[in-house]
């Protein structure tokens, strides 16, 4: 089910992902979101750590968040699907749907803003905007 | 400046907290939020992993989030101050203000809901509600 | 190349795996070792967190270690292959060879000891010993 | 008990440090070792990520390891004390003793080698060697 070029990654929860109560620790979703998002960009030739060099703008993370719908536990197989939740001229929000057997577990989001090196608002670069447009459109709940 | 009994913790960013771009990785704030929140509860005699045994209700994390205001880098000294952002009969939201020299860096939140073992809404236990009431009242922006 | 049933897992390094210097942070190998080892056990029907219930002995981690041969950076694809480095009557050591395009990057190890609930030495349970015997035999360098 | 200028740091274990079995996850010691070591260097004016710029040599991590003596659990207060376990002309090993109420919990080590930019062996820079000499001398067991 993993197809990183489509913004999708599957993984199994390990002991290191889970806390004493036996469920996935609340912050592990953020790390998988980053892995999915930057892996997806990379699969299309963009390195999120080099956007300034490659596309001439800074892209700053302005917010992140998760809604937890159901707990997950060690060895559960989760799929994380990135979607485009919002795009304006200078910012965009990616939603991440984590599911287990197609049941929603967690919905996350990361929001980014484009800035000039002088920190003024900058438009989302065309190449990036076009790529973002290929993601499924999602309604984010966070 | 650390005084965990007042919901406050100070710490220095380590290399392990920072990413390739040289700034604090976006998910490290979540781990410090948990450390501050559960450490604060513990300093008042409550273990968040044993709330059911101690207070008779389940407390589920329903959402978390961060707004990133300014970047922080390795060896920066940050202070995390917990505050009460919202309390209803069966849920509450803790806000976390991360500052460096009193300048805002990141504002985070964790929202919890109280449930019976059968997963019906349950009131926030009196002992916990009273303790939450001792936190500074904050307006959360996430 | 991933085949967890043979103790092998492949993964790409994310930004969260790398530090400010741009290379994989030294502790991330440990998390991938655990993921590979416990995932391999699980693929053969054993949950490392339930060994006492399932096999009647405690298995304690007594040491871990890594030798770093060459740096790895973000988006590198690494393969982690578990091997059996040593087995005595009451303990065993798993070696983990991390490679990139078959070049050695890091060699890790985890050593476990079997104990009775009273903490006396206990033999490695037959079922586990048999399973360990299916791993490739490795010479660990740590 | 924390005095980072003497290579010592105290901390409480959080839920995020502990695994499903309820004890400190085996890799968390590595992160505290780095925090103690680089914080100690920084308290003496050295940034481990800028050693090349500041002292003219590369310092590569060549190995790390931990011996686990006794388990620790959430809210335990641990102290990590760095010591000098070995120093040769071009490499050195730092030992880290983790204790709880002066009882040994875990002993860790990190070993570093000095290299020229062309990756030949280089002597440990005088300033660093002198600083390392101020750490307590330890016998490492890993």
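Order of writing sets the labels: A, B, C and D. Residues in every chain begin at 1.
Everything below uses one rule, namely that a contact is a pair of C-beta atoms (placed from the backbone, for glycine too) under 8 Å apart; a residue touches a chain by one contact, two chains touch by 3 or more.
No experiment lies behind these values; they were computed from the predicted model shown.
Ranked by separation of Cα centres from subunit B, the top chain is C. Among the pairs C-D and B-D, the greater number of C-beta contacts is found at C-D. Distance between chain centres (mean CA atoms), subunit A to subunit D: 34 Å.
Between subunit B and subunit D the centroid-to-centroid distance comes to 29 Å (mean Cα coordinates, whole Å). Centres computed as Cα averages put subunit C at a distance of 23 Å from subunit D. Along subunit C, residues 15-16, 19-21, 27, 31, 34, 49, 74 each make contact with two or more other chains. Those residues of subunit A lying in contact with subunit D across their complex are 15-16, 18-22, 25, 27, 74. Across the interface of their complex, subunit C is touched by residues 12, 14-16, 31, 34-35, 38-39, 42, 47-49, 74-75 of subunit A.
Chain contact summary for the complex, subunit C toward subunit D: residues 19-21, 26-27, 30-31, 34, 49, 60-68, 110, 142.
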